[in-house]
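Here come two complexes built around chain A, the first alongside chain B, the second alongside chain C.
Now for the complex of A and B:
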């Protein structure tokens, strides 16, 4: 199960997953989660109307096609991305969850890992791979 | 139903858990970040680690669509502010406040908090029910026009009402005896119902009738002149 979010690592993790899945003919599911804040009910029609969400999933499919493989795409909306990914991986009995991590630093230079990846690492039953984006030239 | 709970102490925590188990949509606000994280670890990502006294955070928590806001912090002032904002700024249909100091109940009511829960008052009432007292026991304030209250009177051996029918008692205007509990059984009070020692009489009446009702059912106060 791939977590795609429209970030700079999406291409990398889809390619990696396709290369990994091909010899075993494994199933790949690319999941994009749209976070819904508390001002709206959870079932508000947001993700379905989001062009950005559709673009993220189309991109994942296109990259998989380049690798001559097929991914199933899933669009979810949830209060919290990390919790949604953990639940989805559990429901689908995923063997592996792959997430991308852009190389980002906070103001002051500390490496920023965000809150989704630590949550998924802590709570997902199956194996989790985190693919960190390569440092840009000039990064510390 | 969407319920916004403010305050992640023991009351807020257990309230949130019960509401979730009952199938309601719940969000909990707790300003102490460490406590908020601890609760989120236990019951899931429904905790907003901010102060519910601030309007922008109440908005973030979805107060605009909440059916109920329950302010259950340990601070009466905070609970009042939260309920006021919820009611008047976000048009929340029902606000519930925990009132720690019973002296604040009237203020909360005056300022439009829909329901007030006072643990202190509840414990006090429970103690009063267990201990025989020669006083009228206030069971509930019914509010509304006339400031009505639900009152219980215990008929003890010194009561002037023993052996008298309800119609012969000088029940004050604006006051009505409606049930008598005898041997654990509640029966309606009719005009010919004769009161006995050990009865519990339930009445509804206005606050200003209380002294007169007390005199009819319980008798003069202990230590009153003439006794």
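Now for the complex of A and C:
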């Protein structure tokens, strides 16, 4: 299962997943989670109407096609991205979850890992791979 | 979450959708079946981005673009011998010198065209060159000549291929034309499948012929050197001479003009430069050089053997070509190598027509993009091929083959005129190009093109003069006709563009003309209700028009109408002659005349209630009058037609 978010690592993780899956003809599911804030009901029609969200999944599909492989794409909306990914992985009996991590630093220069990846690493039962974006030139 | 667009589209950017193959699939079962059959015949549709793989390597391009030029060695010698035989043995002795002269001319032309490949990497050959350097008329002359030549290439190559088959298997002579037309049909389908497949199909036979022909020449020369020579006999000459002429300069020039068909196809590589793999120009120039050397070798070699084996074309019920007799002499008549050689020759000639199937549609597309050809010629089909150009070429070439009964010799006089006209225009264009651009080494390049221009101009004049009565007149007539047609098309498109032009420095204001809606009503039903509701959304000026020959029935309808559509006027038009379309259109005319002359005419929107048929046979039962009305109103001034479909499941 791939977690895609429209970030710079999406292409890389889809290609990686296709290369991994091909020999075994494994199923790949690309999941994009749209976070719904607490002011809206969870079933509000947000993700379905979001061109941005559709584009993220369409891009994953297109990259897979370039690699001559198919991915199934799933659009979810949830209060918390990490929890939704963990649930989805568990529901689908995923063997592996692959996430991309952009190389970002917070103010002061410390590496920023965010909160989704630690949550998934801590709570997902299957294996988790995190693909970190290459450091930009000039980064520490 | 649902992704309703996903089956048919993919988002590729902000507000930007890309259609998936499913979006192009027909929705009806019959349409799907037709699409499936088309896919079986022509292959699956290719997306634009798959075009990158359609570029040709030098080896493949040599096979595709040179098969025409190389294959002309199969009949060029025969055309020389056919003329010189009229002058007797002394004249036939000049066959070899004439072919050497033609080969030298080929060298000049090939070197000149190498400059074209380098200077014009976008292709188009003499059309591009003349357009850039001389303007419209000259470029259209070049284009017309090219189009005629491409069509003749298909017809000549196919006819000659059939003659090679007949030479080996005389029993198929009665179906020779059928074989030719069938081969053109197969080539058309092959090309509609796309260029890459064409390359694969055609590469192997071209190289098989090259190998076989070179081997034949080597073995033949060894036989000649070993003393296996023959001399023309008086009896042999008498059989072939329909008339006798003295050996004169005119006879030699006619032989030269006939043999010059060997040069046909030299331009194809320059036209197809964009189809080469990068670096396109360099690869095309190299391929052109290789093609020139191969063609000259084959042409001189076959002529040398024909003269030394004392071969003349045999004109009987089943013809025997010169090249077939040369092969029979080298390998033995009826031997397996002879049959193989004939098969390779015939195959190459069939496939030589493919040079034109690659070049004609490309040129037609360029002309269409420039507005000189109907736009359909620039649209690419499912397989990235210019389908319209391919089909048109196939149809015209097949018609030519049928018209001349498959006789190559009848087509030859038409052939060389256009070729040399093109060569001359192209080379003259290159002279202007070098004089204007003056890049490093321009003097050397200018000299090459100047020599090419003079040489080809002289040959063009000679060919036109000596072949005029044999059929060259037809080409001389056709070229200006095509130029006129293309200028007509261009003028039409230019006028249309002028009429539709919108200045890009203005903000487009909202609609300012009045609108009125007219609904032809057959009565009151759900389809009419839907049409009236649609009309209400357009504006307040709505009227239903009921055309009838039964005015009492009409009055009854009016009562009901006023009750059910109180704010919509119903006009009754009595039609004592039971016509519908005429009175309805006349009513629209009256409405127009009633409009105050000082005001801008309103837009009349004719809303047609349409019942949507559920089955194909339903279509015969419904909407026939609406269809006729639509056909009448299309193009009417200030009139818009709107169909409002009503579906039964609503």
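The rule is simple: the second predicted complex is superposed on the first by the 140 of 140 C-alpha atoms of A that agree within 3 Å, B and C clash if a C-alpha of one lies under 4 Å from a C-alpha of the other, contacts with A are read in each partner's own complex, and residues count from 1 in each chain.
Going forward, a contact is a pair of C-beta atoms (placed from the backbone, for glycine too) under 8 Å apart; a residue touches a chain by one contact, two chains touch by 3 or more.
On a predicted model such as this, the values are computed, not experimentally measured, just so you know.
In the three-chain model built by superposing on chain A, chain B and chain C fit together without any clash. Of the two partner chains, chain C is the only one touched by A:73; chain B is not.
By the touch criterion defined above, A:61 reaches chain C but does not reach chain B.
Contacts of A:134 after superposition on the shared chain: neither chain B nor chain C is touched. With both structures placed on the common chain, the touch criterion links A:48 to chain C but leaves chain B unconnected.
In the superposed model, A:113 lies in contact with neither chain B nor chain C. Note on chain A: of its two partners chain C and chain B, the one contacting more of its residues is C.
In the superposed pair of complexes, A:82 makes contact with chain B only, with no contact to chain C.
With chain A used as the common frame, chain B approaches chain C to a shortest CA-CA distance of 20 Å.
Considering their complex, residues 34, 47-48, 51, 53-55, 57-59, 61-62, 73, 75-77 of chain A touch chain C. Residues 2, 25, 27, 44-46, 48, 59-62, 64-65 of chain B touch chain A in their complex. Of all residues in chain C, those touching chain A in their complex are 1-6, 10-15.
Within the complex formed with chain B, the residues of chain A that make contact are 37-42, 79-80, 82-83.
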